[in-house]
Amino acid sequence: MEENSSIEMRDAFAEALLEIGGNYENMIFLDADLHTSTKASMFKKRYPERFYQFGIAEQNMFGAAAGLAIEGFIPFPSTFAVFASRRALDQISISICYANLNVKIPGSYVGVPTSRAGASHNSIEDIAIMRSMPNIKIADPASNNDLKAIMRAAMETPGPVYFRVARYAAKELFGSDHKFTWGKGKVLKEGLDVTLLGTGIMTAFCLEASELLARDGFSAEVVHLGSIKPVDRQCIIDSVSKTGCAITAENASVIGGFGDAVLEAVSDECPVYLKKIGVRDRFIESGGMDELFTLHQMQPVDIANAAIAVINSKKK
Amino acid sequence: MELNDKDFERLEEIAYKIRRLSIEMITYGKWGHIGGSFSMAEILSVLYFKEMKVFPDDPLHESRDRLILSKAHGSPALYAALALRGYYDKEEIYRYCEINGLEGHTHIACVPGGIEASGGPLGMGLSVSAGIALGLRRKENPRSRVYCILGDGETNEGNVWEAAMSASHYHLDNLICIVDYNKAMAKGLIWELMGIEPFYDKWKAFGWNVQEVDGHNLNEVYGALYKARWVLANGKPNVVIAHTVKGKGVERAEFNYKWHTHAPDPVTADAMLRELSITYGREPLGYSKLNIKENKHTFYGGE
Amino acid sequence: MEENSSIEMRDAFAEALLEIGGNYENMIFLDADLHTSTKASMFKKRYPERFYQFGIAEQNMFGAAAGLAIEGFIPFPSTFAVFASRRALDQISISICYANLNVKIPGSYVGVPTSRAGASHNSIEDIAIMRSMPNIKIADPASNNDLKAIMRAAMETPGPVYFRVARYAAKELFGSDHKFTWGKGKVLKEGLDVTLLGTGIMTAFCLEASELLARDGFSAEVVHLGSIKPVDRQCIIDSVSKTGCAITAENASVIGGFGDAVLEAVSDECPVYLKKIGVRDRFIESGGMDELFTLHQMQPVDIANAAIAVINSKKK
Amino acid sequence: MELNDKDFERLEEIAYKIRRLSIEMITYGKWGHIGGSFSMAEILSVLYFKEMKVFPDDPLHESRDRLILSKAHGSPALYAALALRGYYDKEEIYRYCEINGLEGHTHIACVPGGIEASGGPLGMGLSVSAGIALGLRRKENPRSRVYCILGDGETNEGNVWEAAMSASHYHLDNLICIVDYNKAMAKGLIWELMGIEPFYDKWKAFGWNVQEVDGHNLNEVYGALYKARWVLANGKPNVVIAHTVKGKGVERAEFNYKWHTHAPDPVTADAMLRELSITYGREPLGYSKLNIKENKHTFYGGE
């Protein structure tokens, strides 16, 4: 992970907020006492009159976001992903999603690389939880340019959107002209033996894994699926029916999340051996970032090993 | 502020009709909440037929007053008030709780501009209302008010107090909350299940202007709402604690948690309607539309 | 559904509570203003001093349950499944599951058959949400005797348990001596062409579907998996590797829930065509029970049709 | 109730040491909250070294007093107090925020009987405490008290008010809540972000006995806790509003949200420790254990 961009994703988030704020006068930001952590403080500085502080009261913030959306504003109620998904779920589900309101929800500090705060702050269930609700769209960016494209697309999409923001300087995979489309995946590298399907920052790990695999003589196709809901069924099926086996990788729990979205498409149209990389049903303890990726077997080498396992299964 | 005689009679009639339609809706839909619908009949009558500025022909008119029924299970009374006010054809109410009909809990898609939000889980509507009130401020709309009706049991929910805290923090004096203090929750009396007293003090301590009224007294309700809109605008949100009787108007339902949620069978509904007409000094009138022999395969009650 | 037991599952719940209450002195019940709906009122009557009313404040009830469990009691904090899973999730996740406390959570009014209250009260996401959390076990009973066995097993299992209780008189599939074991499925009917994997009340629908299929000349194996987490991987794999295709059926959203638990096992060891029956990513509207099952394509005939589709796919 | 001189000096020394160990822990663990650890150093000193009955050698002894740190990010101060009280070897604190070490937020598995619950998300600990207090009642344990420490910003959370309502409903006078009213939240001053005043009135209105003290004055803290335990047992839960200074003891951290969560680099930590020793009239003492050149690949700060 040495070649990472030097700009943390949360800083790219702040930049995108400024851009969107400039383009949409009705876009407003709601915070729950975390704006210097999420880096929304930059937005606050530029557009103080469009920044609302709700204190440490997430339920109320999401409820108020519904009210503001009803009045035609496009609110970004923002907190850590754990609190968006676990503390204010009834509000998000009924006041926002059921009412199908135009609210954009950034979930900050997702997955493994989240300071050393431990289980309560490392969000591993948010994809599964958000995915279970009707009407909401979900995206997990691979990189800063991907995040920015997702945020632009979110503004152009009516209705509720949830997108993840890692506290992490991810490797840049895309140009600044990169476009994001709901339900569209992107083949980053073609290959024949196995498909590595990544979302969020794990796509970069998939690319690294493909290099490890190449050294062992395997040709891996790498697909980035930033749009988790809807997911690009056709892209998945096209690739997987060619390679005959697959790995999914997400910076989240493997239960109910991205991997399962992929599995649904696969099992419907072209069942193959598939293994999911992600947090395997345990809380994340305090610790260093790299250490934790290793502990949870989410490093590129783990992806590569899993890929070899499914390649072998398929050959049997 | 007192109502003149004509208004008083008109509003009384409307409150009576809200109760009638509520029973019809619940019986026909085979689900619903009589207790919490009846306790706020006068409140809704004053709001929709005197106090609130609404535009049933142009329901989303920007300068309308907004109302959020946070206790969204009180939907029959609200749907009835909207029907009587001309938001839609009265026949619609017979599709309460049917697929593609009026949803059991108020849902924004059912009556645009009439139902302003989607609900069901208690304790969330005051936050939505505060958001709307903030939105009106942003739009520099000084006229419109946001009314939010809460249940008393509902104020057990912490979300209510988060909203209350933020509304006074943001000086939302365009927000008027009415608590239907009907002394009962779903399964019993409130002081027994989870007491909320001293209730006046709680709202005061959260920075609100507080008034207490008899929620079945049209003059008191009107006076308090008038005061909240025109007199007390001092940078604080307003709450009217309306003391009411759960199930008011039908003896067996009064303060009786058994009729919190329970759809009467057609015979009982008919008797209730007759009792209502007598209570409110009207000609005895039962249920005309309902086929008493009808017996769909579905739940009675709803508990 | 004519042959249903005349006893609603919530009444069986009440009976089991009385039995357990008699056997475990440290078992206590916590309610959030719903005890006559959940039928815990019977427990309150018999053991008033072990019944705690928390009013309409689910977050507090689950937090207090954690405290009572810390002091050695076995609390049953009870509310509708929607509120357990959506209103008090941070409390369940961190105060209960992360701390790994001995709390048993009944989720009432699950899935489609839930009066006519509509979207906010019909719980379709609870399996997905609960499954995403580490440490908790999850079960969905097919019938009254299954529910009772699950509740007995829950008492014998330390740690958090979530189990579903339908408001529904389900067909009885088991005898009163029926035993429940975590992570163990049960083959109810053997077959060769397709495996119908059911959980909760949908298992009975699978049996009905198997009869429909038999009329069309297909032999369906029917498996009941009351234990959703852990799920019986071996049982799934044994059956599916024999039949070569499968249907899952759950009284919940198909996203992130039971079907995805099955898919994980299948895709790991014997990928086959599989379709999931359940609510397809939409809120449930008010309406009659049978009407809703039809609208959401969750009737036995829908299971049978899906089965024929996977059988045809496999033959291709 | 006043402390005698010996106790006073002893507790003062402990409070000083809690601050020292907190800095060491946070610096070494490269993550943590100085502000909220320092503001409650005196409170923890009085609790663990004077007021609470605890059994470090038999930590789960049934008649112990229980403490729940609802503001679980204040873990350094609590871990320090527990280390000083002999719950575990002081060296353990150097494994703060390491895998298999002391978790960043208090976790029940880390110190059984010392840490009584798992935390992290704010606003949940008072419910857990109320549950424990109810549990003690069930077990007919009249002696033990349940202490719960809340942050002031934390009381924005509705869950706190749900818990407060239920604690008075259940007459839990074995529950003593202490609010560390240090005037700041994560990102600024509380009155600016989400005001909680009139705070005394809020607790009163929720049915609690309320006392207000200077939370850095050992005598006042002790007096209020004594009174809460022995004098005020009138069927109401007790709250002590402790007015404190966030970051108290290191000038740059005082009331400064920048040090709400921020791990100092080793040089800054050394300077802070020296400043602390001077503030508290001790011999100037920096950081001995830390290798200033050490620079693990991880986050400084923690925002």
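Here are some notes:
Read from first to last, the chains carry the letters A, B, C and D; within each, the first residue is number 1.
Definition applied: contacts are C-beta pairs under 8 Å (C-beta built on N, C-alpha and C of every residue); 3 or more make two chains touch, one makes a residue touch a chain.
As the structure is a computational prediction, the values presented were derived from the model and not from experiment.
Here the repeat of A-B among C-D, A-D or B-C is C-D, since over half of its contact pairs match by residue number.
Here the spacing of chain A and chain D, counted between their Cα centres, is 35 Å. Taking each chain's centre as the mean of its C-alpha atoms, chain B lies 44 Å from chain D. Mean C-alpha position of chain C lies 41 Å from that of chain D. Listed for chain C are residues 54-55, 57, 59-60, 82-83, 86-87, 90, 94, 98, 119-120, each touching two or more other chains. In chain B, 107, 118-121, 123, 156-159, 162, 165-166, 169, 194 are the positions where the chain touches two or more neighbouring chains simultaneously. With chains as nodes and touching pairs as edges, the resulting graph is complete, every pair of chains being joined. Chain B contributes residues 123, 156-162, 165-166, 168-169, 194-196, 198, 201-202, 204-207 to its touches with chain D in the complex.
Chain contact summary for the complex, chain C toward chain D: residues 28, 52, 54-55, 57, 59-73, 75, 90-91, 94-95, 98-100.
Chain A contributes residues 82-83, 85-87, 89-90, 93-94, 98, 119-120, 124-125, 128-129, 131-135, 253-257, 259-261, 263-264, 266-268, 271-276, 281-283 to its touches with chain C in the complex.
Only residues 29-31, 72-73, 96-105, 107, 118-123, 153-154, 156-158, 185-187, 190, 192-194, 257, 261, 296-299, 302-303 of chain D touch chain A when the two sit together in their complex. Those residues of chain C whose C-beta lies close enough to touch chain B in the complex are 31, 33-37, 41, 53-57, 59-60, 82-83, 86-87, 115-121, 285-292, 295.
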